[in-house]
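You will see subunit A twice below: alongside subunit B first, and alongside subunit C after that.
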Partner chain A sequence: MLEAFNFRVILEYMPLYGQCFLATLWMSGLALLGAILVGIVACGMRLGQVRSLSVLAGIFIESIRSTPLLVQLYFFYFGLPTLGIMFPEWVTGVIALTLNSGAYYAEIIRSGIQSIDSGQTEAGIASGMNYFQRMRYIILPQALGMTIRPMLGQAIVLVKDSSLLSLISILELTRAGQLLTSDRFMPAEGFLTTAVFYLILYYMLKWFSSWSEKRLIFREAH
Partner chain B sequence: MISFKKVDKWFGDLHVLNDINIEVAQGEVVVVCGPSGSGKSTLIRCINRLEPIQKGEIVVDNMAVHDKKINMTKVRADIGFVFQSFNLYPHMTALENTTIAPRKVKNMSKKEAEKLGRKMLTRVGLEDRIDHYPTQLSGGQQQRVAIARGLCMNPKIMLFDEPTSALDPEMINEVLDVMRDLAKEGMTMMVVTHEMGFAREVASRVVFMDEGKIIEVAPPNDFFTNPQTERGKYFLASILTH
Partner chain C sequence: MLSFYFQELMRSLPYFLEGAWMTIAVSGLSLLAGTLIGFVCGIIRAGRNKLLRAIIGIWVDLIRGTPFLVQVFIIFFILPSAGIELEAFPAAVIALTNLTASFICEIVASGIIAVPKGQSEAATASGLSNYQQLRYIVLPQAMRTIVPPLVGQYVLLVKDSSVVSAIGVVDITRVGWLTVQRVPEGLMVFGLVGLLYFAICYPLINLSGYLERRMTIVNTKL
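Now for the complex of A and B:
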């Protein structure tokens, strides 16, 4: 079986894989940053005092979480242009990933915030801090620290979901596998190589999260 | 300094504060006691509107706390509040706990706030614990950081909600000592506590509450030696013989 496995073709396609690896890396990275930001804002709106914003955020979170990412991606890619809104493909892809993971991040952060003892909020109120100051200085630093692991889980999902971008002809890791397969008809070589690169991304994320966990969360525990 | 006029508050059907009238003058130390569920914690939590009231008036330092339109930030910045469960910020050191509100609420510079924070932590006897995190401190030390945190806002009033109830017995005194010093320096204080020794020693008046009502208000010696009501007698008998 191994004799049939063509390592040479993998080496031959390595420049393409390298380029696609970087594409997946920076698009996922951008979407990850955007998603955390969207998550914080959506969660802030959801838990805030203004009812209309809270309802709006609720609708956003629910509708994203209840529909498949592929459907959302196709809506942005095929649907928006018919409504007169045009983006380059990669922008469409990053926006779809950002909004999709953003909704999940909103829920992760909300669970983190709600796990913080109400005494923390009361201490902030009693010292005269307003809602934003309490969030910024007291609640979020603790909530984000506690949610590093679920956030890492969602980041891994985001990186893996970025493979769907191959379906709107964005050049990224999965697309590289598809190209090798269609050029040379070698799907085993093509997609196994793709998978190995995803594994590398996974370990990079894991390393980054344990590094930031050590820096961020309750420093006194270490 | 603090004035309650005909204050009523309900939690659902429960009438937690029932026609409360009391005046606290500047420099007074008022100890509030009573059986659990009598509304004593709620009483002092209403002063900085941690709890809203439904009827009546609360005026603190000439500001109407019961008025929904009033900006509470200014009022709260002038009132220190010490909780039973400390509520220190676990992700900040003792010093950061004391400096965050002066910096963010009063816009003090970091340097100035840290100088103040060190001074207040020294005042409560924690000059060697400045860079410790709350989990590295004992209960008594945590509560003293909480008091220093309140003092850093240069408050006109300090409120204490059962400040020693969550402490091991051997740590109660280190907290009470700090409170005694504050009282001697003329701080206006309202203290919910079961520490009757403390009440006897430093209180100007004792307020005895039961079922949401103020039953008795008297100087500590009068209240402890000669309570005027049956419920007061019963309460004293039950806590002094435990």
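Now for the complex of A and C:
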């Protein structure tokens, strides 16, 4: 298999891979920002005082977490047009990725907040701080240190999950491999190149994850 | 019109149940094989042989660093060019087993490492062989840290199994995809698909949470 490995074809397809690499980066980045926002809002609703909002956020989080991303993707891809909502494929894809990761971010943020000792909140109340002041100055700065690693872990998952977008014919890294396979019938060249690009992203995020952890421990020690 | 489609959908319910059966078969087989291989690799990874540890580490990184969809394509499209012809079903089981084994390997290894060193030292002092130490001293204690994330991993396995619909395994997701071509009500069709996954995953998620709480209580008692 490997002796017939055709590097020339890979070089020829490099511009396509570069374009697709950027597309994967761009769509995952957008979805990541959206997901963190969705996560903060959903977590705030879940932990907040309003019961109906809390139940709503709970249903959202649980239903996302107990169904596969691919099903959610198809749900929006085939479902939104029946409601008369027409988006380009990539928008549908980013929406599905955002909502999916958003539910996981909500859980990560929640466990970070709940890991802070309740004495901290009580001390905040005793000092006359309101809910937002307590969150802003006491809870969140501490919770962030606890959550940075799982958050980056979820970012890695999100980048990998973006490969599913190829199944609704969005042009990204996995789709580039499929194109090379169907154009030239060279699956080894196509998908192994795709895998290498994902590995580059993976090792970058992994390195960043351990780097940030060292920095945070360093800060705590002072 | 909607009620007509609903009746159509209800008529294809048997296909959905067949799909559910396929999902359970694929995930169940991979669960058994993946747990077995994962435990063996995890024990080796926590062991003393540096070379084997490094090899398993590289394997885990390769699997974690690439999307599952790409792994499925590599196994399904590239192995045939190496002379290994595979049907969709065995290819799916191999891909899922490989994925699950790599994750369980890390869970088991970190569980074993978390057992205090004094335990195995005391066992050596009592004249237990390596196998006896593992079997009677280390593993039973490590199981407390291993079991909750293990069940969580099974939930991921069921959800990830939806991806193998891309190579034509007729699981719940594939049945949904086929049905939506005939019954163009995406929300309804994939709502049903999601419900079926929910029915499988939600009890498992709760089981994982329950075990986690239970095991923590046991840990604090020590």
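Odds and ends about this structure:
The rule is simple: the second predicted complex is superposed on the first by the 207 of 222 C-alpha atoms of A that agree within 3 Å, B and C clash if a C-alpha of one lies under 4 Å from a C-alpha of the other, contacts with A are read in each partner's own complex, and residues count from 1 in each chain.
Heads up, the rule we're going with is that a contact is a pair of C-beta atoms (placed from the backbone, for glycine too) under 8 Å apart; a residue touches a chain by one contact, two chains touch by 3 or more.
All values derive from a computational prediction rather than experimental measurement.
Taken together through their common subunit A, the two structures put subunit B and subunit C side by side without a clash. Within the superposed three-chain model, A:123 lies in touch with subunit B and out of touch with subunit C [touch as defined at top]. Contacts of A:160 after superposition: subunit C is touched, whereas subunit B is not reached. After overlaying the two complexes on the shared chain, residue contacts for A:142 are found with subunit B alone; subunit C is out of touch.
Looking at the shared chain after the overlay, A:98 reaches neither subunit B nor subunit C. Contact with subunit C, but none with subunit B, is seen for A:77 once the two complexes are overlaid on the shared chain.
With both structures placed on the common chain, the touch criterion links A:133 to subunit B but leaves subunit C unconnected.
For the combined arrangement built by superposing the two complexes, subunit A sits at the apex of an angle of 100 degrees to subunit B and subunit C, based on C-alpha centres and given in steps of 10.
Partner contacting the larger number of subunit A residues, of subunit B and subunit C: C. Contacts of A:69 after superposition on the shared chain: subunit C is touched, whereas subunit B is not.
In the overlay built on the shared chain, the residue A:193 is in contact with neither subunit B nor subunit C. Of all Cα pairs linking subunit B with subunit C in the superposition, the shortest spans 22 Å. Against subunit B, in their complex, subunit A makes its touches with residues 117, 119-120, 122-123, 125-130, 133, 137-138, 141-142, 145, 217-221.
Contacts from subunit C toward subunit A in the complex involve residues 61-62, 64-70, 73-74, 77-78, 81-82, 155, 158-163, 165-166, 172-173, 176-177, 180, 184-187, 189-191, 193-194, 197-198, 201-202, 205.
Residues 1, 62-63, 65-72, 74-75, 77-83, 156, 160-164, 166-167, 174, 177-178, 181, 187-188, 191-192, 194-195, 198-199, 202-203, 206 of subunit A are the ones touching subunit C in the complex.
Of all residues in subunit B, only 48, 50, 72-74, 76-77, 79-81, 83, 85, 87-91, 100-101, 104-105, 132-136, 149-150, 153 touch subunit A in the complex they form.
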